[in-house]
Amino acid sequence: MAIAPTSRFHGVIPPVVTPRSADGAIDVASLERLTKHLLDGGVNGLFVLGSSAEVPYLTDSERAVVVSTIGGVNAGQVPLIVGANEQTTNRVIDEGRRMVELGADALVVTSQYYAISDANETDTHFRAVHAALDVPIFAYDVPVRTHYKLPTDLLVRLGREGVIAGVKDSSGDDVSFRQLLLAARDIPDFDIFTGHEVVVDGALLGGAQGVVPGLGNVDPAGYARLYAAGASGDFAAAASEQDRLADVFSIVYTPTPGRVSPGAGGLGAFKTALRLMGVIDSNAMSAPMIALNDSETAAIRVILERNGLL
Amino acid sequence: MAIAPTSRFHGVIPPVVTPRSADGAIDVASLERLTKHLLDGGVNGLFVLGSSAEVPYLTDSERAVVVSTIGGVNAGQVPLIVGANEQTTNRVIDEGRRMVELGADALVVTSQYYAISDANETDTHFRAVHAALDVPIFAYDVPVRTHYKLPTDLLVRLGREGVIAGVKDSSGDDVSFRQLLLAARDIPDFDIFTGHEVVVDGALLGGAQGVVPGLGNVDPAGYARLYAAGASGDFAAAASEQDRLADVFSIVYTPTPGRVSPGAGGLGAFKTALRLMGVIDSNAMSAPMIALNDSETAAIRVILERNGLL
Amino acid sequence: MAIAPTSRFHGVIPPVVTPRSADGAIDVASLERLTKHLLDGGVNGLFVLGSSAEVPYLTDSERAVVVSTIGGVNAGQVPLIVGANEQTTNRVIDEGRRMVELGADALVVTSQYYAISDANETDTHFRAVHAALDVPIFAYDVPVRTHYKLPTDLLVRLGREGVIAGVKDSSGDDVSFRQLLLAARDIPDFDIFTGHEVVVDGALLGGAQGVVPGLGNVDPAGYARLYAAGASGDFAAAASEQDRLADVFSIVYTPTPGRVSPGAGGLGAFKTALRLMGVIDSNAMSAPMIALNDSETAAIRVILERNGLL
Amino acid sequence: MAIAPTSRFHGVIPPVVTPRSADGAIDVASLERLTKHLLDGGVNGLFVLGSSAEVPYLTDSERAVVVSTIGGVNAGQVPLIVGANEQTTNRVIDEGRRMVELGADALVVTSQYYAISDANETDTHFRAVHAALDVPIFAYDVPVRTHYKLPTDLLVRLGREGVIAGVKDSSGDDVSFRQLLLAARDIPDFDIFTGHEVVVDGALLGGAQGVVPGLGNVDPAGYARLYAAGASGDFAAAASEQDRLADVFSIVYTPTPGRVSPGAGGLGAFKTALRLMGVIDSNAMSAPMIALNDSETAAIRVILERNGLL
């Protein structure tokens, strides 16, 4: 049960959010402070241009700014795992190439979306991306966005043949996640991350190599403690830290349903918390998403205070 | 983290499958042997007329036979939690009344289905059922069947007001499950069960009071060991037992997709395993479901053998 | 294109709603008046115990009252097509037998629900129901409730082999509906009905034999005119009548979202309109559904008035 | 009922498919022949870079080649309505600007996808796109790809305020389509197109201004006849032509399920038919989609022959 990191990709790898100024531009200074905040918090890697980065909303040039800014602060301290977020195979390859040039150590790639695809095409898709790009490829299972669940047997086959280096699981399907952990246990240097904030202790208990928590932007040190407890086999401590973080996570339920979209609510809560903590200057969101308002911010303040984060 | 059972409803409470003879009738003798097998395995309760019992497929009279057969063998040794499976409020109340007369110690009730309902009606639904029936009511969250996810805040409110005595969670949503455990932690005598076979260690780590595993028909002693490990705080042992049970659970992937329906596949695998183990006489299924065939049975035998169950 | 009714099941066959008194009991006198209102409106059949009848919410004894009340008023004037609404094959057969005893001329049967089934089992399901019951069986395609779309090729095969006598299509999938009409065109005595209120002209243009509109409770004569126009090939007149009825149908959008459930809203609007028209005495709904309130009623009054129904 | 084209955007506007050579490159010569084939068939406009063009799979540079090739052959004969297919608002604006520079007369824009959005953001989205770009914007309702159904009231409001010039409806929801036609009837220069091949007669009967049928690549003259019949009020002739085209459309059911993805099957059938007809040179698909094989091609040949297209 003790977690032996099998590669340099393991541990706490938060998906870095993208601060914007009130005028809508990327706020580079805030992004630099946030990156430093995460590194100071003891994270083991940085997931750049993930969903938490609002990557769907960033233009091509904004994506470049984000990667180079984070890369500049990081200066090689931890691995940069970068999302190559595009609809289909050839567009992913084009995007991935740009990201590698910008300094990505590994890429995170979803199945095709908007396209109406299937398992055979998804197999071809990952093989083509792997063949074209000279960095480790992590499969990103996020059916709430792609509307396609990556089949466990496909992931295991691609892992065993060296096509993918691991999986970032945001499927919300804990049964298939456990089966994947079990089935992939003997694949060398294959790393499986959960993308869910509040079940990390169970994921580590099942043998996961890492966690990519959006909430890790807010409390990287908390996730570092949780991971350390799990890695040392002290699951009572892990569960206790997890319960605390689950309460912190309740900030994502503060946005008023109907006023703020489901996509904007959680990310807006992370940004609002970071602003309250003084890490970033504004909780502005990418258009057309709207920022949390004063009453939502006040509710978040209460939660942060009762958890010792303010 | 140590699990303190808060009521007589806790621990391993398998959903008893319903053996049939090849001619389609309920096989009472096999059901009696199965009940004894479960009690001998050390279970803490019996969930009667659950999805694993093929309850949707049983006629009214068959349901009565099943409850009285199990009740007869059990003779009060462990609590009988019985499904009152019907479409809507008044029909659930009628069905629940029959089940209480047949000896149910508690009832398991889903939200309405086939009906197109919402949270307000679901609140009214559980209150009406509770008001009409004089036994504890467990809410059964099974969106794969009802196509409605029970909201966490609704469950907590109903629990806090004494309308429901607990939750059987088969939602497959481990994030909301953890939030429910956290939010309901201070409700006295409120018991939360996971219905998923392969994430029980994590559920116990999060504070769940019990587990209702279909696979518990096949290996009740394994789940009893898993629960005991979790209850004593030895999560390394729990995870190890869970991994073994996750491998046993792979019997549900042996049916040929397309030949056997998703509903029939898992239950058919449990029945086939029980037949191989000599607990029941036939793996016949309720019409129109079909039984697993010889090659599927052979695959199950391999899995049972490598896990020491044959 | 001219529609030649191929059997006694054709034309306007409204799904009769179930009036209740404020105390929750079936309001038999109102149901009798409603049945007369429909027959006076020139309908060609009566669909009894459909979704519009709130059939999921009726207890067994209430279902019996509804069928015999309608049957009594109808006295054989038009065919009674009765829903045998249950979860699975054997339960449908039990229910269907009761309905035939109560006077059903034909039965309407969905695929299994709550059960997790597939095409093979659905084929077996309809064959078993047909074999057990000595009346024509109509397949009811209502995926919004069953969460399963009946495949066109299955319906055509069952029709060609005489297992089903037709289809009531509430699938909302106009493409598959047209393909079904085309594929089944040469099956003798096979009748296809649309369950949708506002696309009847197009359905008739495509060759549908009938329509089962919930809104037909409110304006049976309007649907009779629409059907007659289509049957005579005057599609300009059909479309004009359809547009008027589509405006009447906007009563279903008057309930406040969030206050009234999706299931209760449309049916509540029909009942409220019938109460305003003096056909029934109360717009009470089956528990746990709530009735439309005064402001919703006022909005319905406006729509009825501008369409000459008050 | 007579359809009075209210603007230059009306009638048959097929979504032009994108021929590729066996080596995977855009086959410009075939695309030129196809464009001429469509213009010769009497179409009223060309929908460029739609789903049928495999737009999700085209790289940025390929998209430019397609638009300029079609534009070159068309030389202003009919309007070019071009898809600006991107995930989110600012990316759509960037893409739309490129398309306008390449000669688009109007743009087709979906709601955001991959992003998790809502009605408020969708409203902002269309307003921002309209404000940034100086051509008519058509809203494209394609929930099977975006997983979001554009609400009718939103479309009507955006139309009434001049934000959008019309709607391309591929929602498969004929009820909401009819309500949209009715609600938008009095908006000047607002054009509503159905994207469905087999219900065009009904759409015209309901008042639709045009049709964007993928099958129009194969039989543009058939759709021109269907539209002309509808425009002249001869709906018997329209239905008859529609039934013939529904049979031609059955080519999309020839690909073997499981072998060919749902996305590749229909488009592959159109391309295969065009190859059999000698309009394009290859039925190659964009990676990772695979082309139809010989037996699937043979089945398509039969359908084309019995409908007089070979």
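Order as written gives the chain letters A, B, C and D; numbering starts at 1 within each chain.
Here is the rule we go by: contacts are C-beta pairs under 8 Å (C-beta built on N, C-alpha and C of every residue); 3 or more make two chains touch, one makes a residue touch a chain.
Keep in mind that what you see is a predicted model, and the values were worked out from it rather than measured.
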item	value
Reaching chain D from chain B through chains that touch each other, fewest steps	2
Label of the chain whose CA centroid is most distant from the centroid of chain A	C
Approximate Å spacing (C-alpha centroids) for the pair chain A, chain D	36
Computed distance of Cα centres, chain C from chain A, in Å	49
Sites on chain A at which at least two other chains make contact	none
Category of the chain touch graph - line, ring, star, complete, other	ring
Chain C contact footprint on chain B (complex, rising order)	56-57, 59-60, 85, 87-91, 94, 112-118, 120-122, 124-125, 128, 144-147, 258-259, 261-264, 286-290
Chain A residues touching chain B - in the complex, by the definition given at the top	1, 172-175, 178-179, 182, 196-199, 201-203, 205-207, 233, 235-236, 238-240, 242-243, 246-247, 250
